[in-house]
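Next come the structures, one after another.
Each of the two complexes below includes chain A, the first together with chain B, the second together with chain C.
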Partner chain A sequence: MYTDMDPRQFEHSVVDDNDIHSIVMSYLLHNCFNETADSLASCTGVKQPSDDRDNIQRRKQIIHFVMEMKALKAVELTEQLAKDLLEKNKDLHFDLLRLHFVELVCARKCNEAIEFAKTILAPFGTVHKYVEKLEDAMALLAYDDPEKSPLFHLLSSEYRQQVADNLNRTILEHTNQPSYTPMERIIQHVTVVRQYLTEENGKDAFPPFSLKDSLKG
Partner chain B sequence: MSSSPSPANSANGGDTTNAGNGQDLNLLHFLDKVRLAATRDAKEDEGEDSPTELNTINSAGGFLVVSPDKLSVKYTNMNLHGHDVGVVQANRPAPVKCLTYYFEIFVKDSGVKGQVAIGFTKESFKMRRQPGWEVNSCGYHGDDGFLYRGQGKGEPFGPKYTKDDTVGGGINYATQEFFFTKNGAIVGKIPKDIKGHLFPTVAVHSQNEEVLVNFGKKKFAFDIKGYEVSERNKQQMAIEKISIPPNIGYGLVKTYLLHYGYEETLDAFNLATKTTVPPINIDQGNAIDEDDSPYALKQRKILRQLVRNGEIDAAMVKLREWYPETVQDDKSVVCFLLHCQHFIELLRVGKLEEGVKYGRLELAKFVGLTGFQDIIEDCFALLVYEKPEESPVGYFLEDSHKELVADAVNAAILSTNPNKRDAQSHLHSHLEKLLRQLTVCCLERRSLNGDQGETFRLHRVLDNNSTRR
Partner chain C sequence: MGVVEDTEPPLKRAKRLVDEPNGFSGNSSVRPCSVNNSLGDLMARPLTSQGDDQTIGSKGVIKKSEFVRIITRALYSLGYDKTGAMLEEESGISLHNSIIKAFLQQVKDGKWDESVKTLHRIGLSDEKAVKSASFLLLEQKFLELLKFEKILDALGTLRNEMVPLRINTKRVHELASSLISPSSLISHTTSDPGKESVNSRSKILEELQNLLPASVIIPEKRLECLVENSLHIQRDSCVFHNTLDSDLSLYTDHQCGKHQIPSQTVQILASHTDEVWFLQFSHNGKYLASSSKDQTAIIWEINADGKISLKHTLVGHQKPVIAILWSPDDRQVLTCGAEEVIRRWDVDSGDCVQMYEKGGISPISCGWYPDGQGIIAGMTDRSICMWDLDGREIECWKGQRTQKVSDIAMTDDGKWLVSVCKDSVISLFDREATVERLIEEEDMITSFSLSNDNKYLLVNLLNQEIRLWNIEGDPKIVSRYKGHRRSRFIIRSCFGGYKQAFIASGSEDSQVYIWHRSTGKLIIELPGHAGAVNCVSWSPTNLHMLASASDDGTIRIWGLERINQQNQKKQVQGSSSNGVIHRCNGN
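== the complex of A and B ==
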């Protein structure tokens, strides 16, 4: 039975530790964990790539504002960092503004929320996908306790994290840096290669891949 | 490479990877890591020879004439039947350790009947038949535009071709396909069912047919480099479509830090992720097993520090005190690596004589033991050089080697964890496991393709990411 490691041929497959350390390093810098990255550099002796420290700091601030329910602040700083970024990424821009709307609803500032929706969000509304998203958000106003509405996920930290992630990647892309980490690419790559192996050789030889199981094993 | 002792040789019940004396044979993996360092500077890919010209010896002599420069062929006879084809192969088979192979022909004269063909054949091909008319061969024929691959009848494939046309034949090892081109454009592709080495093949079959062959000395009509790029992009796009479980990176980094015992970094990371409002929840159904409590974190950190500082004696004392089972057997991998490191530290400060004495005392017992011999020899070779750090065995003096020894000690301590997940969990962090999984899968896939295609290098995956957006 083929388990996560095929003992047949490649037992002596050896990974260079430097690759492992640099994969972790790039993850830390991608996610703006700069102090952790500094500590790792001195622990392992892995050199940090000469990344723009200023860029990391500014990205970190922006992402934190999103997570801290200060979406407008995040928008402001993003516009300072990269003038035309939000213009070129209207979906993202809309999502950020909609977050601000949600923040107002949560703070029970319903009049302000409606005003904001009318003046800022509605102009997006000519495009169908924005209309839908806008309507979703507006529905929150109908509930005394928005958390009890079917759209409660808009209030969740998971959703904020999703938007923050998207913003982070877009900023990286805009500044000509990879928007996905080597770690993520490796996870994707393993999944694809295992899929090929199963497709090309059948499920008996190569059972469908489960990342979860493979990491537990 | 060391021969890993078979796991079935132990009398111990459960854990079959411990020999009777308590030695953990899994730790031999660290010796492989030492060897990896030795080969790191070696050339990446051995060059494979490519076809450069036509083979004049193994050709249908009597029916055709090959030019003196061996890059063109002419049918001189009058063809009378199907067994007087003027076939000629290249002087070498197509190389296989690459993404594609490609060559072109230019039809200078289509002669009386225009029965030119381009394709691939095996070494044993009957040199009087068109490529594709016999099994284990394939050919794209100019007179009918059909593709022949072993059956008598061909199948409609592409346009006919004739005088002044440039036609190319190629192999895509990633997709295991043949592909053909005409005047710079792809005509089509078919699955490559033929295994083993294949020779680029050209054929002419009617009077005065003449064909020039290009094995790469001149620019191709077809943009093969562009084709390779787009093929690589296809694979890359398939990869980029895969959804990534949320927060898996967090789990991988945390378990990595726990595994190696990087306590300060772990603290910094925990602090940073705590202030990410809200705290990242990794407990619910995440892929990473949260069993990795910080076992012996303080002790592992202390030992790592001692090894890093070259204080090997102190490290051994501590190990004997805290985890005697790891150094109980004097011939264990951990003892070996520590003794080696002590030897290296003596050499580092120029104490050659003391080093030799120490080596005779502590390392001699490993001589003759499979798995240690080659490393001892390399290690002792340090003595020979004026500037050992610049020698081929200079890697022993680098910090990365100290880290390797520290990692081995770390793994040995982890192996004493009574709550460890399985017999091998102390060897690799989850992240390393993932990387090994990737390497093994790529190698496996390539092996199932008859070892054809580009060799897998993790660096290519990592570098590919940094140049793409």
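== the complex of A and C ==
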């Protein structure tokens, strides 16, 4: 039966509390907020898969190592967790190793940095797609103060977060878990749908979507 | 007063010039050089401070110090170091002042830090040049440190000396990368590093020469360059220049005589039985093709001794044949019957292999695709048709043409389609970009010719003028050629001779006209035919062979005057220059 649903009357559609809890839970687990997840579970009674405990703990550690500028440690643990993961994800592996190089440069350990680059990073340079990234990293050496160089973004925490997120998703994928949370997916859907509605019906009928505004209520 | 004794050290010698034997007359003012040259050098002034206003030569435009310096430079370049040094000493004009000498020596010896310091002492005003030169020197220092595996030192140079210059950031980053793989930057030769350094150092000297002003480092090969320029100018202004062998000598100004232009009938081909309307040499110069009102076309062969004989007569048209065109590979020809059909013939056999026609309309001009795989034709209904070799129609345009397309051609590179689209307008159609450029003439256009390099178009006008257009970019008129007669018929003209430096045309007064292309000067008129000369073609391979087609039913082949042909042979062997006008020195 065809129900005439007006998109503007979205407030009338029913949302299940359990669904909301599941969405939040999955978000927390994705980002390794295990204590918060435990808390949510006990308050709402929503289930969380227990055999994932170990996975979450290890993932959490790995990600922290990346953010704390201990990329090599992160690599080590990842290899323990999932043996061939980095082999199968060369791009990610390279990014992590490159982060280590950046850490060495920041710590002013030039000799070590050059040695590391020569032995570990240089072999990647035979593949064309890594060459530019490699050159960007090497360029940092030319500057006394890497923060003042044109490549300073490699030192930023935003960049580290980016790599960390990538690593997180890859591990999840590797262990057959969803690499994107329902939360993210839902927001992406809403954004696209709202945009479509605005284009179809004009700005007056459907003003462009802003998440920020929606959150204000 | 005579010259001061040679025992004094060169720098302090004062020189007085008296009665030079070779008569450097003119307004050369005589003045002693400044005595305290040593102080002058320390102050690092530019080189032109020594006896500046002394000039040589009859026109007073050559500064003596510059002249001597470029000679000195040439001597060193030729390897005559002793002579070079002697000249510096004897003339009192040193090639470079002592600071620059020191600088150049430091570069040669690879003393980079010192060279950078010395560079700053030279006192150049162009900061950018100083930075670029410093960068160049430091880069070499970096590379040499790398080669000897002094990685940290190299890194130090990069960071502390090169980065502060704030130029060539990309190169700085590349050099940083080379720290891990030096082989990527330095050549893979395993020759001994010492020898390689020498090579790269002389390259540095070359690059420094380009970066720094010429008055600071006299450019190498400057004298040779000036002489070459002069030779080029002489050759370009040689109106009759039509020889392959450039026996340009430095001893006399170059000028060919008229003897290099074909001016005598060497053969008459009388096989046609009516007016001959068109002819063209093949691209390889081995054949000549002609077409006639007698409804035939003839392929002639040019034998090794220069004599021409009939190869095939192409029979088949039922109307006068208005044109015959060679395929790009010279193995086939296209003939166009006047408002009849187009026929394609095989040159070897003389057989007609294909006919091209379209119901109801007929062609009045035709051409080949540059790859020889297609035919274009201008039709009586003012459209342009294109066929593939087998006769299948590829395209047909019915543009805004207001007259029959009396002439059509495609450039060698396939890019442009050139056609007469209105009485006095030629269309240049870009086939890729599908845009059209127009050449608007002042009078009605009767025919045109494309130059070999597709950059020029020769246009024949009703008003008896021939115009040369440059069609690269926006079309512009370059030259005009006048003198011949044309009133009722289509007369064609062509490019020819050495580097297509000449324009030849037929004329209704029965003569062949030849002009010098760049100056527009009429060089020669050739009488002989007994009727209007409709078309001329200059052999692409034999600079001295020209063919003309006439209403008198004959084709005349023109060549050099006999006496000269014998001398030509002598000329190739000996060094005597026939036809070269000797000039006095200095005039």
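By our rule, the second predicted complex is superposed on the first by the 202 of 217 C-alpha atoms of A that agree within 3 Å, B and C clash if a C-alpha of one lies under 4 Å from a C-alpha of the other, contacts with A are read in each partner's own complex, and residues count from 1 in each chain.
In this text, contacts are C-beta pairs under 8 Å (C-beta built on N, C-alpha and C of every residue); 3 or more make two chains touch, one makes a residue touch a chain.
This is a predicted model, so every value here is computed, not measured.
Chemist: Specify the outcome, clash or fit, for chain B and chain C once both structures are aligned onto chain A.
Modeler: Aligned on chain A, chain C fits beside chain B.
Chemist: Once the structures are superposed on A, label A:D16 by its partner contacts, choosing first (chain B), second (chain C), both or neither.
Modeler: A:D16 contacts chain B only, not chain C.
Chemist: Mind checking the angle chain B, chain A, chain C on Cα centres after superposing, to the nearest 10 degrees?
Modeler: The C-alpha centres give an angle of about 110 degrees at chain A.
Chemist: When the two structures are overlaid on chain A, which partner does A:T175 contact: first (chain B), second (chain C), both, or neither?
Modeler: neither
Chemist: Once chain A of both complexes is superposed, is A:L134 in touch with chain B (first), chain C (second), both, or neither?
Modeler: The answer is second: A:L134 touches chain C but not chain B.
Chemist: So, does A:C110 touch the first partner chain B, the second partner chain C, both, or neither?
Modeler: In the superposition, A:C110 touches chain C alone.
Chemist: Just checking: does A:Q48 make contact with chain B only, chain C only, both, or neither of them? Give me first, second, both or neither.
Modeler: neither
Chemist: Does chain A have more residues touched by chain B or by chain C?
Modeler: Tallying touched residues of chain A, the top partner is B.
Chemist: Between chain B and chain C, what is the tightest CA to CA spacing in Å in the combined model?
Modeler: 25
Chemist: Touching chain B and also chain C: which chain A residues?
Modeler: Chain A residues touching both partners: none found.
Chemist: What residues of chain C sit close enough to touch chain A in their complex?
Modeler: 151-152, 155, 158-160, 162-163, 169, 172-177, 179-181
Chemist: Could you please specify the touching residues of chain B with respect to chain A in the complex?
Modeler: Residues 1-2, 4, 29, 32-33, 35-36, 40, 235, 238-240, 242, 244-246, 248-249, 252-253, 256, 260, 262, 264-265, 268-269, 271-273, 276-278, 287-289, 399-400, 403-404, 407, 421-422, 429-445, 447-448, 458-459, 461-462, 464-466, 468-469.
Chemist: Where on chain A is chain B touching in the complex?
Modeler: 4-6, 9-20, 22-24, 27-28, 31, 33, 35-36, 38-40, 43-45, 64, 67-68, 157-158, 161, 173, 176-194, 196-197, 200-201, 211-212, 214-217
Chemist: Taking the touch rule as given, give the residues of chain A at its contact with chain C in the complex, in rising order.
Modeler: 110-111, 114, 117-118, 121-122, 125, 134-136, 138-144, 150
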